[in-house]
Amino acid sequence: MSETADTVIRTMLDQTDGDIAAYLEACVHCGECAEACHFYLATQDPKYTPTYKLMPLVKAYKRHKAPLRSVKGMLGLLPAEVSEEELREWESLVYDSCTMCGRCTLVCPMGLDIAGTIRKMREGYSAAGIVPDGLRTARENVVKTGSPMGVTAKALKAQIARQEKETGLEIPLDKQGAEYLALFSSMEVMGYPEVIGAYARIFARAGIDWTISTEAYEATNIGVQIGDGPLARKLVARIVDAARKLGVRHVISPECGHAYGAIRWAGPNMLGETFPFEVIHIIELLDRLRAEGRLEIGEKDARRITLHDPCQIVRRGGLLKEPRRLLDDACADFVEMKGSGVTNLCCGGGGGVSANPRAEELKTQAFSCKKAQLDAIDGLKAVVVPCANCRGVFEDGLDALGGDYEVIGLSELVADTLKD
Amino acid sequence: MLRQWMAGLTFALSVMLSAAFSVAPMVAPAQEANAPGSEAEAPATAPATDKPRPGTLEDILRRQQGLKLDPERLLRRPAPPAPIPLPPQLGTLGRQSDADLWRALKSGAYARPSSDTASGKLMQTAGEEWRRLRREVILKYAPWLPAGVLGLLVLFYLIRGRIRIRGGRSGRTIPRFSMSHRIAHWFLASVFILMAISGLMILIGRPVLLPLLGHEVHSVLLSAALQGHNLFGPVFILALLIAIVRFMRGNFFQWADVKWILRGGGMLGVHAPAHHYNFGEKTWYWIVVFVGLGMAATGLLLEFPWLVETLLYHQLATILHALGAVVMIAVALGHIYIGSIGMEGALDSMLKGEVDENWAREHHDLWYEQVTGKKAVHGGGGDDTPPPAAAAEQT
Amino acid sequence: MGLVEFIEGPAFWFALAVFVAGALWRFVGIIRIGHKPDLAPPKGSAGWGWIRGNLRHFFPRGLFAERTWMHVLGGYAFHLGLFAVMFFAAPHVDFIRERLIGVGWPALPRWGFIIAAEIAFAGLIVLWVRRFSDPVMRLISDWDDHVGSWLTFLVMLTGCLALERAHVSLRALHMGLVELWLIYFPFSRLMHAFTFMLSRGATGASYGRKGMTL
């Protein structure tokens, strides 16, 4: 066995805990999951069947870790060792064709968490350095500048200054003892800086004491997407340190699905501690403010608007009703997409897929499923996408496939409809 | 071309089948009709008497219970037939032989019963007739039908070999059968095979298996076959109904089928047109529908005999069930052959749901044109004509 | 000891022992791999999630079932039918009472058995047909899937053939196949009959912690 293969397999198996083992054991090869995966739906190519993407890990597990393997070994019933070619062949399946959306889990009669298992596989691949080029560049950027798009503190400050001018509000930077620390994703800072302005307007209205740290402003975690454990830990640690230093009580995760999962659910386990602050998603916070009557809505948005549920937020994050309550307040004509909520369809670009140029075409193909859902709504004008990454995918996809819908963030919508 | 020939064979078999079916119902009643004085015929041969009659056991019981008699029913009951005189009884001098007496009884001589609760017939011969028909006609000849077809197929394969796709595969495929079509098909196919094997064991186990296996093994096997056949019968009906519904679309005869027949299914060297299904396939479908439903009906009667009381129907059911079975098995053999080893590319449609474009153009040109929007160009019959793929691509 | 006595005596006990020991070993083995405690502050209960996950996945979601209803129906038919036949066929109840645990329960009447068996067969055949005719299924199926299906089919079939209870040899044939099935079980995917709890539970628990009511 080559050293690379050995590293991949060893790391993957190290990561295989009792839960993952149960998944690998329980799959009955019923094929239901294919019907859930947007990559299969869009291409009808059987290789995109979710459980098929796990094959190398299944084989390695059966050979090296599964109970009763010794008895099976005596009978010669163990699968062959996984070869490096096989692993490399699967690399594109593991990185390009899984957005870790978790939709397959819903339909699976055995409830397999394919997304979580894919993540473990990526750990193995990343440990051996088998990573798609696009993601590797992003990783280098992160190591250098702290952000996958190379957003430096200077660039951030420039964007903030612009937003201060636009809103006429002060945006506190590195404010010691603030109650809330807001994080953003690079995509927001560079592509949708009006989000920062929206925060400023909402928080000013709600009377929230907040700040942005120039040391830790980036919420996305490329380490999690690639499966690079040490890097992921480093990125989370950076946020935790900054939050400690500023003495905040809440850290706000931005409108970004993976970022939320990385800090809220995976973060404490990576660092091995429970954080001294609360991690709260911006949608959760807005909903809380709404409930407390601190968000007074003026004129509602009259357009026909629908909501895209980002997988990491609704399905794997548990925020289902919150965005809907906010939208009910902010929109006059809110309609649901078919299958919205926990069974929503992924945009096709999560889990690092959108950062991976090799997967571009596949991603657009997958987005066509999403677009069909949009097209099915009569007279639709805009779609609210509370995730900066999904938002980028929507814009690219609508660009490529044609489609005249405005794509907006939730905070901006809320900020725009606030009573003057 | 030979493919069409095969389909022609299918057709021929279907004709044989319908012939068998129109004859079969006549055979069994004929036995009955020959015996004069069967219940159905009684009123015609014997004039009704209007003398008051004592009632049947049932009438007596009703009377005893103080219930009112149903005069309608009493009137409707056929009057006892006029007795046919028996030959003089055997006298002390032996004027008459026993044989004469029995013969007379068998041919329907009536006794003079003390009451007319019995129909008056002394000897019921339908069972014996049925047994003889079953043993001496059905068992003797029917199994040769599938065996013969099998032989023909082997011969055909040896002479002609596999029918290849003219011009080879194009590599491009057209979807032909959806997942639900395939499930419906294989569901029916697998149950059909089980039913066919167990049914054949029941039908010809005694002449064929018994000498080979001996009584002990044979009886075990047959007990198992019977259980299996009875158990899978209802599953077969379910599968049959699903398949009938699923495949109904496109299986009605169309104008192109007439042309197909006129051109001898392609045997005359001219191309025979076909839609999604050709004439042979459609015929097979309707055989499955009608013979299949016939098998289902007769099978139900055999499995649940209390459904009908008349003995005649049960006898008829066994005969028809056996005839239908051999016909279906025979035609199915042809179907299996042409769908698998007999023709390149045919199995794809049921296994993968997709067929090669060249296959579709060759065998189902009208359908091909409809789904692809291309014109089907035919090679004109000679195997050495250039593959029509190029021509089709230009359009 | 004749072949029949052997099959119905020692061979059965051996197979049963392999089944129990193997299945237990594997089940416990999976649990014993264990996992690290989750330090993220929970939003809901993992325990309830475990239970809810287990129950929720018994039922298909409408959105997907629309697309695969034939398969879903087949799956239900087979599993429910098999369950009924396995535990409520009169000969099985007798067998369990007389030879295994000493207590029995009401058995299905003959017609009930037949209906259950028909349903199970219909379902199994549908599942099996799908396995070889659907491109996805062909890609992901391995020999274990096929052996498991066939073995189960043969066990069911021989069981029904022996229904008359007239021939000892048919019963022994059924028993022999059951023994093969029992021995094969813990080493194969048939184990999903037990492991489903673990995988559904793992997902359910993690969802439960996140406060999701799926």
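Order of writing sets the chain letters: A, B and C. Residues in each chain are counted from 1.
The rule we apply is simple: contacts are C-beta pairs under 8 Å (C-beta built on N, C-alpha and C of every residue); 3 or more make two chains touch, one makes a residue touch a chain.
Values in this document were obtained by computation on a predicted structure and should not be read as measured data.
Here the chain-to-chain distance from subunit B to subunit C, counted in touching steps, is 1.
Nearest to the overall CA centre, using the mean of each chain's CA atoms, is chain C. Here the spacing of subunit B and subunit C, counted between their Cα centres, is 38 Å. Annotation: 37 Å between the Cα-based centres of subunit A and subunit C.
Chain centres here are Cα averages; for subunit A and subunit B they lie 62 Å apart. Looking at subunit B, one finds that none of its residues touch two or more other chains. Shown for subunit C are the residues in touch with two or more other chains, namely 130, 134-135. Chain contact summary for the complex, subunit A toward subunit C: residues 16-19, 21-23, 25-32, 34-36, 40, 46-47, 49, 51-52, 65-68, 71-72, 77, 105-113, 116, 264-269, 272-274, 278, 315-318, 320, 339, 342-343. Remark: subunit B residues 179-180, 182-183, 186-187, 190-191, 219-220, 223-228, 231-232, 234-235, 238-239, 350-353 touch subunit C in the complex. Touching subunit B in their complex are the following residues of subunit C: 70, 74, 114, 117-118, 121-122, 125-126, 128-130, 132-135, 157-158, 160-164, 166-167, 169-170.
Against subunit A, the residues of subunit C that register as touching in their complex are 22, 25-26, 28-36, 38-41, 43-44, 53, 56-57, 60-61, 63-64, 67-68, 71, 75, 130-131, 134-142, 145, 186-187, 189, 191-192, 195-196, 198-204, 206-207, 210-212, 214.
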